[in-house]
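Each chain carries a letter (A, B, C and D) given by its place in the written order, and its residues are counted from 1.
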Amino acid sequence: MKKIGVFTSGGDSPGMNACIRAVVRAAVYHGVEVYGIKRGYNGMINGEIFKMESSAVSNVIQRGGTILKSARSKEFLTRDGRQKAYDQLQKFGIEGLVAIGGDGTFTGANIFHEEFGIPTMGAPGTIDNDLYGTDFTIGYDTAVNTALEAIDKIRDTADSHERVFFVEVMGRDSGYIAIPCAIGGGAEIVMIPETETTLESVIDALKNGWSRSKTSFIIIVAEGDDAGNATTIAAKVQEALPKMDARVTILGHVQRGGAPTAADRMLASEIGIACVEGLLAGRTSEMAGIVNRELVYTPFIETITKQKLINPNFTRMVDILSV
Amino acid sequence: MKKIGVFTSGGDSPGMNACIRAVVRAAVYHGVEVYGIKRGYNGMINGEIFKMESSAVSNVIQRGGTILKSARSKEFLTRDGRQKAYDQLQKFGIEGLVAIGGDGTFTGANIFHEEFGIPTMGAPGTIDNDLYGTDFTIGYDTAVNTALEAIDKIRDTADSHERVFFVEVMGRDSGYIAIPCAIGGGAEIVMIPETETTLESVIDALKNGWSRSKTSFIIIVAEGDDAGNATTIAAKVQEALPKMDARVTILGHVQRGGAPTAADRMLASEIGIACVEGLLAGRTSEMAGIVNRELVYTPFIETITKQKLINPNFTRMVDILSV
Amino acid sequence: MKKIGVFTSGGDSPGMNACIRAVVRAAVYHGVEVYGIKRGYNGMINGEIFKMESSAVSNVIQRGGTILKSARSKEFLTRDGRQKAYDQLQKFGIEGLVAIGGDGTFTGANIFHEEFGIPTMGAPGTIDNDLYGTDFTIGYDTAVNTALEAIDKIRDTADSHERVFFVEVMGRDSGYIAIPCAIGGGAEIVMIPETETTLESVIDALKNGWSRSKTSFIIIVAEGDDAGNATTIAAKVQEALPKMDARVTILGHVQRGGAPTAADRMLASEIGIACVEGLLAGRTSEMAGIVNRELVYTPFIETITKQKLINPNFTRMVDILSV
Amino acid sequence: MKKIGVFTSGGDSPGMNACIRAVVRAAVYHGVEVYGIKRGYNGMINGEIFKMESSAVSNVIQRGGTILKSARSKEFLTRDGRQKAYDQLQKFGIEGLVAIGGDGTFTGANIFHEEFGIPTMGAPGTIDNDLYGTDFTIGYDTAVNTALEAIDKIRDTADSHERVFFVEVMGRDSGYIAIPCAIGGGAEIVMIPETETTLESVIDALKNGWSRSKTSFIIIVAEGDDAGNATTIAAKVQEALPKMDARVTILGHVQRGGAPTAADRMLASEIGIACVEGLLAGRTSEMAGIVNRELVYTPFIETITKQKLINPNFTRMVDILSV
């Protein structure tokens, strides 16, 4: 393999640039030419492809976002779109790909390999951490720390005013972000999709806290909680507890940006190298991940279909720590 | 004057603790006893009053929020409430007050002095910066920097996805927070209460940008803008530009918390000392402020009734810099 | 067991407060009384012991340092000192201890248990990460991120002036802090105690870089490197390369402070709870740690005598990534 | 004037990029072509000159350092060097310059204008804040906040261990950085070049503190203090107080980097625009500054020869606040 391409796809996450850098540098190190592909599968279809030297990734390891930009591509979902993408890769002589993204990205790469034989190795780039095959995804640690710093600030004002804050963090399908925010943010309650938290239990916890003269509360809500989003939940609790002085904060897209943490830079670097070395070793359609601090390659099909469960002990920790 | 009290009132702001610290230390320095009053006028009425030594404010200068807590008091709006407050102060022998807060706080202090003769000096503690009599209020610089850091993060993801972000910052009546966020955040458009920005001009700016192949935009909206809040504005623009990929972020209460910046700690310290020294010099019903780097005392009545206008040059700067 | 004590000992590390909080809350949760002991073994000897309620650890999870203070105790190294300590614990009825610290702390606890039968469970509180029995120590992740943020800033000025920066990070006996700083900071060279890096290889790397028109360099030096500290190394390299424009920065004690990261708060909380639950289950003289995301108890004797080796792949990563 | 050049010179400071951006955008806004000149006067001499479009400064406002790089030029000190520089400018048709830097930069520009008639407007880019003609220099606010964040971290460990920390901050000739670090960092003592602080007074202050059972101290030393640098001072105090547990931290070049604060971005933007508009209005050999929040142009000769004195009230504040 003499030429490979690298692209980012799906929602961006901090550390994607560190991963692109590792892919480029590992390719150069191993004497392989490397091409950047802009805007994910869209750019592949449109031929937004350019050669990257080692210096192209100087001074990017600390930057949030992705220098290759990202997009979701409807055209790549069609056979026609994938044919165009293949033709473009042929034009540049690209024989292998590194895809940095999540579920959707890997699903596309899987089909693409089956149809056109282009091998792809995947790097788990998403803040959600809900990908099977790696303990942590690239960007997750940064997103959690960003959310936590915001919660620290909210706590200042919650304490000063003796208020109840409902803070919504990202996590459509899982509580991976919500849990460390709750434990690390000293929250009293956490509401995540994986476990049912009834409004009654929230109301009870607040009443119970007040009776112990606890005056300010932080409730972390994962955006995908079954009881609704933070705004809905706060409104319902307010109805039951009219005297509660409540505020809602939705942390939103701030969680996607920012300089990656040390852990995310390490992870992104390790995985970026592993993707290139995997390709060169003849691997394809696998995601590189770190499990128990060891490099592991997991077939795309497993990362897509298998579920990574959250440690059930963590919700118990929230109960103990808010005693 | 041998005994003074200090309290925080209204919305909390970063630097209030630094100011409390300066009041306590200046009092000790000048041989005056100092009492902390909790929860603003509410605590004054209820006698939540305690003696503070120099060590009571150790290690608080860097903390957000207020160790004295804050609250809005309905009871103090009544003559009866103020009578109770006066009786409590008498009980402790408190002869003068330092009030850290905003308009409402100073209005109360003014009446209280007229009725009961208790002198009060005020420190401008609010993130909004819309108080006449000081170039900057305590907490304003921190709030702006907090918002700006969030906007830096949003820019990462805006750039990566070529999106339009509507970011709502605090400022019910003024664009003081919005303006430096727009200039410092490299925003393309800023919408503030002081100047009318029509939806048409926003739509034109976006179209114009796209025609110059500018692909990501940040629009800063002060919460009090006449065109509505960020959510409403985004929805209306979306209607006119259905292809726009827009996101709304409301920074919210995060802006109130966090460790104060150097400038806010300096300002809070200088003003805290000035309040105590003003009281000792026989002053009352004035706010201590810094204007052109000089200490200035302004009668409460002026801080309440006069308006501090935003530099009109700043909106022109946004236009120039987004060219 | 009805009464336990908790203390911090040795060098402080971020997350110690989060761990104290977890110990206190877990004790309260399990119906056990908990006492804080100030200044480590010194305070135990001097009876600086006080009862802690759940509220004693409110709002401390995000604070650096240790609210219980820390110290090294010479007196506890003597049998007499330990006798005094035992007598004090008897006076308060304390039947078990949680010690947050490192090697020295655990050695003391081991002897103390052998002599007086007081069971102690240990939490690994040190930024150095060189304790066997846990993947990460409490404070390590924060220290690395603090150092990395400083290196990001140094890179700004290194790039602007085309300079060579020798940055010394903590790590007397190991490169645990240096390695992620080098990989995450985009450094060209890393010098750690575990592997020999000759001055010749540093000089060659610089010459080689200049020949590829690389103009700024960051060299991370662990304070315990065999080639000397950063100042010495820089001086020697300067001699060989007189034209080099070099600067030395010693990050120093800044690395010990600051708000703990999310990972450190999680780790500290999990381990704090595990120490209490370990004591209640009849354990003693063991350190609670997290290995491969599972709770593991390791006898003190093993944490003291066994070595935790750094992943040798990491130095190879520095070479690949600086290509 | 149809073509102008912009360059950075001398020590880099945070906000230089924001200023370059403002110069470029203001030029484009006013229909003037703008050229970037790399490595200060060196690059001018060597013809490292390139055209900059508006997009050349996208996404740089938040970055530390300078995208144009900086250097000190010996050759420009000679008539020959300046002749070469002039010839290069002629080649590109550059009729005016914006110089971002300090004293030395402006001295060079002054001579250059006298000899060759090339008008130059100056922007005060230095963290030291010791330039006459502006209340604050670009980068000063950021440097102070960076130092202060480090001091906050040091305080954590100082408190935990009851130590005395000598922290050296930048400021060869002035205490501008040291003063807000001392006030904002809650330091007990500050040592600056402008005022004499004897070692005796330091020793007395420490003794006095211990007698009041104050156990941890922070002493801020400006690098240019007449009593020596932090290391020397600490050694001398240690001799007099052998029981003191002291540590020295030299913050160093970390203070030069990092994302600029809101205030520095505002200042850099305002001044960058003012330099371009000054040039277009026929001005030359003046520095644009902000004094009392108003734009002021000051002849280079005054910025070089006049001294900006530090507010003497500030050292009194340190005394009051450490009571």
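Convention: contacts are C-beta pairs under 8 Å (C-beta built on N, C-alpha and C of every residue); 3 or more make two chains touch, one makes a residue touch a chain.
Predicted, not measured: the structure shown is a model, and the values here were computed from it.
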item	value
Neighbouring chains common to chain C and chain D, by label	none
Topological distance between chain B and chain C, in contact steps	2
Most distant chain from chain A by Cα centroid	D
Chain centre separation in whole Å, for chain B relative to chain A (CA means)	35
Centre-of-Cα separation between chain D and chain A, whole angstrom	39
Chain A-chain C separation of Cα centroids, rounded to whole Å	28
Shared interface positions of chain C, touching two or more other chains	152, 155, 159
Residues of chain A touching chain B in the complex	8, 12, 14, 16, 63-66, 69-71, 146, 150, 152-157, 159-162, 165, 247-258
Complex interface listing, chain B residues touching chain D	18, 21-22, 25-26, 28-29, 54, 58-59, 61-62, 135, 141, 144-145, 148, 152, 155, 159, 180-181, 183-186, 259-263, 265-266, 269-270, 273, 292-293, 311, 317, 319-323
